[in-house]
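Each chain gets a letter, A, B, C, D and E, in the order it is written, and its residues are counted from 1.
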Amino acid sequence: MNLGAVIGLILGLGILGGAAAIGSANTGGMSSLWDGISLAIVVGGAIAATCIAYPLEDVISAFAGFPKVFGTQGFTLKDVVQDYVGLAELARKGELAKALDEKPDHMPFRLGGIKDTCRMISDGMSKDDIRTIKENMEQYRALREIKAANAIAKLGEYAPSFGMIGTLFGLIFMLAGMAMPPAPGVDPTAALISNMAIALITTLYGALFAFFFFLPFSEHLKYINEDKKVESALHLEGAMLLYDKVHPIMVQERLNAFLARKDRFVDDA
Amino acid sequence: MNLGAVIGLILGLGILGGAAAIGSANTGGMSSLWDGISLAIVVGGAIAATCIAYPLEDVISAFAGFPKVFGTQGFTLKDVVQDYVGLAELARKGELAKALDEKPDHMPFRLGGIKDTCRMISDGMSKDDIRTIKENMEQYRALREIKAANAIAKLGEYAPSFGMIGTLFGLIFMLAGMAMPPAPGVDPTAALISNMAIALITTLYGALFAFFFFLPFSEHLKYINEDKKVESALHLEGAMLLYDKVHPIMVQERLNAFLARKDRFVDDA
Amino acid sequence: MNLGAVIGLILGLGILGGAAAIGSANTGGMSSLWDGISLAIVVGGAIAATCIAYPLEDVISAFAGFPKVFGTQGFTLKDVVQDYVGLAELARKGELAKALDEKPDHMPFRLGGIKDTCRMISDGMSKDDIRTIKENMEQYRALREIKAANAIAKLGEYAPSFGMIGTLFGLIFMLAGMAMPPAPGVDPTAALISNMAIALITTLYGALFAFFFFLPFSEHLKYINEDKKVESALHLEGAMLLYDKVHPIMVQERLNAFLARKDRFVDDA
Amino acid sequence: MNLGAVIGLILGLGILGGAAAIGSANTGGMSSLWDGISLAIVVGGAIAATCIAYPLEDVISAFAGFPKVFGTQGFTLKDVVQDYVGLAELARKGELAKALDEKPDHMPFRLGGIKDTCRMISDGMSKDDIRTIKENMEQYRALREIKAANAIAKLGEYAPSFGMIGTLFGLIFMLAGMAMPPAPGVDPTAALISNMAIALITTLYGALFAFFFFLPFSEHLKYINEDKKVESALHLEGAMLLYDKVHPIMVQERLNAFLARKDRFVDDA
Amino acid sequence: MNLGAVIGLILGLGILGGAAAIGSANTGGMSSLWDGISLAIVVGGAIAATCIAYPLEDVISAFAGFPKVFGTQGFTLKDVVQDYVGLAELARKGELAKALDEKPDHMPFRLGGIKDTCRMISDGMSKDDIRTIKENMEQYRALREIKAANAIAKLGEYAPSFGMIGTLFGLIFMLAGMAMPPAPGVDPTAALISNMAIALITTLYGALFAFFFFLPFSEHLKYINEDKKVESALHLEGAMLLYDKVHPIMVQERLNAFLARKDRFVDDA
């Protein structure tokens, strides 16, 4: 579980909720923060505009991507290096095909990228074909997977815009109403002020959804995509080294270069 | 039909229309949202500035491009891969010329990019010539087709600016008028407030046209352009593989690398 | 003549002028939109800041570049392709020197870029020299010619900033004046409101000059610069093909790859 | 110690503190600048959103990175050049292994990057392996170390946003409260004005934390990262030169090219 | 002397000073534009934040760079081409060493970049070494010299931010003071208005320093840096041509490709 996202969500909701509770104590309670029409304008408007900008399947996969922020991938880059080092001996004997049915000792499963490497080498593909296939797979994977993050970022860009549109709606109706003679028994100033509060709520919703929800979630998905690029670079380098039947010690040296010193795999055996 | 754009447009119009109807119920109705001069300033001004920034034919093709957002291209990248795999056998026999008159079994038509490939190989062009021609076609196609999207984006950039210009017009006239002695029997405060509402309408129109119309449509056209780059990369790779008379199984493997695992073409035969 | 820029300018001036005339009808006329000091602050300030940011000759060539927006270059990329195809036969005979004194049948003049090509090949320069010279000419031409567009863009960036500075000037003087006891017989509220209108005029001028004038003109010059890059790519490709004495049919095929299908040159002969 | 950061911090705090002390002298003192809830919204909200956007370990290493701004690395690029020049003689004799246990005369320690170079050459690695390892180490080091700077930049981006959210909270509650009948004996205008001040404090905190704290610190870490790229380029060039047993005079010439003329190493010996 | 910067500075100061003099004529004079604390917040705050973001030596060299904007470099690119063409004959005779002690006929001095070229060729360095050294010198020179421009740009980015911070200070103190009972004999409205003017001055200073001073100066230094890249490209190309003992006519042709047609060197001899 991605502890950071959970902490961030709880911390943020706690602070904002607490501040709202304290701030609204003398002014009729937190109900003054709730306005259904404002919510519809901000969230509905942002989704509508994003549906025009992106294909429906991207918008759906964007919403499907929200829970991903709370998960982790369950392995480290060090595990990837360790598996390639372990396979280097097998590669030198020309027995990489075995690796397709086994799993490494230090991981509960073998990564798809490593299995692909083993299969392509066992199948006798040329080094250039393997390199081209791996490079194309990564390039177009990155392009595809960034789309969901982009759609969420677009939601975060449109939310404050529709917040502003809703506020303008509110202000125009308020001012138009004030030009009419006030109903008897109604204090026009109080009505104006109360309507102002409602108009500002739409701006508030736009900012909250953008800065506390859509934009950080989008950032996180982009971050994951960047991290996968490092993993893919490891797979490409690993595949080339296994193909060349390079000695495990050199495989370890070459792949460790991708990692921070403290995260490197050191073979104690 | 691009369902997303239709849903987005209906959803957005529904929410904004509903919010306007509810919000204006007590203030003289939705007519307070309509102002013809504001519309002329925002839309006319944005079009005028865009006509200066871009050649007329680009502005026209920008408007011609709006309906494109609601269409789909009628084939998937998987179809392209399948066709190239099917042609690989023909290419090995040196009979690609046949493909020019046939259409593939799984598609109602053969794509222009694939026909170009077959024709160039049958005509005996060199591999380098084919690569150069395909690369240049794609590079300059992308440059040309992004122009309409850019012109629409420019409309979306200028619309809020002219919205602000219109609001400044309104504010200046309003203030200038207030410095004059009020006409007898007119409540100056009511006039001020009513004029403020009209001034804000231009800002509202600028935001609505930009964030609900011009910018999402422009984004969509840019998205389509990016997608065509993937298709073109498939055509280039496919052409090189057909030229080299590569075995269909390898053609399938090489071209599937461009697709997500779930979208890959698997030859069941 | 570039019809788009003319239409844009007239359309924009018409709409803004009409809106101003209608809007100011009840408030003392359009004279409330005129303020000479505001104009000096916005335009003079923007020019002053741009003179610091860019060398004087760039600022001058920026202003000299305004009329360019209304002109057209008088030939299409298709004409360029047609001329290279026509010269291909001459190139095969080694008689490109002739082309220096002739002009093509379909154009009133031969482009400088094509003449350069012919001269360099006739002079016996090596292919690498020609490629390097053409590439350097284009790279540094693009860098030089973008400077005027950049200087105008800078004017468009500084204009609203000086609009804001002028408005702050106005507000500060207005508020400072209001702290003083009002002159007898002057309604202080009317003075405040009238001064507010004047303060806003500077913001209006800043927005008008930026969004209706400087920025669209700068965009247009950048657009022309991009278009010249396509023309230069044609000249480079054409020069290499003529140097290699490639057959006219292949020259046509290779150069048409740069154009949209509907704009391609088809030799009917 | 990084004198600039210390001066900047003291200078900034002094000016802001002095201005606050003078400005608040007649208005009840600087306590009007303190509001705990505002601080919680701005700092807590920015941290919460950043925890969602970035993994927890990046946020922690971001905070761990703040003190780094006050430190210096304790050596110059000239020292690096001098060490490589000194090692060139050793490299020509094939005795680079000695350098692993020694330290250079002009520095209290030998840099890890130089030791790596010596070890890899002594171990008999190929030139291509050394180049690939060094390039990968640098590329992925830069990607990793920029993450902390990016997380701080994100704090600086979210701080003003949560400042705005807090201000909207304050305004909405204030307006909602004003629509209620005032409590007896309370001057409603005074309450409004006092609440406005509190609402603005959150905006102030957002701006202060962003522009005086988060953003400059993030800039500094990015600056250090860029500087390390120059150092890494020196290590790569130095390693290639030592591998090729190049003469010390040429090593000095080649490595000095990376430095400003006044910072170059000149061997007086 | 860079006439443009002088004109810009005088023009800008004249317009702003004149507008201030006219505008303040009826409101107690221009003294209402002066506020020492505002100046300290804007300029001091911007310098403080920049000292944190950049090393002290960069901030100092940024201020040392201001006078540079008023200078010119005293030679044109045409002079550089002319010198290389003149040296081409010497290079063919293998007597480039002579050029180290001479100066060209058309210039009062020989540029350091040309001297470096001559020395490296005379010293018998290989072509690859010369290319690598020249490329590295330029790449790291550009990186170093852009730092001062970046530090000034940062000042221009922080100045309006601290302007806003100062305005918020002013507003908060003003509102806090208004919640207190007014001192006897003081008109609270006049105090409010006068304080508003002071609060706005900080915003004005921030905008003035940014848009009229820091940002244009930074732009100019960036412009100079770009221009030096063209000069360096000439030096690299010239060095390669001299090394290859290319004929002066071809040297002229190759180097003129970097210049606009009207600036090219034509040897009349």
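Keep this in mind: a residue touches a chain if its C-beta (ideal position, glycine included) is under 8 Å from a C-beta of that chain, and two chains touch if they have at least 3 such contacts.
These numbers were taken from a predicted model, which means no experiment stands behind them.
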**Request:** Enumerate, in label order, the chains that touch chain A and chain C alike.
**Result:** B
**Prompt:** If you take the chains that touch chain B and keep only those that also touch chain C, what is left?
**Reply:** none
**Prompt:** How big is the gap, in whole Å, between where the Cα atoms of chain B centre and where those of chain D centre?
**Reply:** 40
**Request:** Report the inter-chain centroid distance for chain D and chain E in whole angstrom, where each centroid is the mean of the CA atoms.
**Result:** 25
**Item:** For chain D, residues that touch 2 or more chains besides their own
**Value:** none
**Message:** Chains as vertices, touching pairs as edges: which of line, ring, star, complete or other describes this one?
**Reply:** ring
**Request:** Can I get the ring sequence of chains, opening with chain D and turning toward chain E?
**Result:** D, E, C, B, A
**Prompt:** Where on chain C is chain B touching in the complex?
**Reply:** 2-5, 7-9, 11-12, 15-16, 18-20, 22-24, 26-28, 32-33, 69, 190-191, 193-194, 196-197, 200-201, 203-204, 207-208, 210-212, 215-217, 219-220, 223, 226, 230, 233, 237, 250, 253-254, 257-260
**Message:** Under the definition above, what is the set of chain A residues touching chain B in their complex?
**Reply:** 37, 40-41, 44-45, 47-57, 59, 125, 129, 132-134, 136-137, 140-141, 143-144, 154, 158, 161-162, 164-166, 168-180
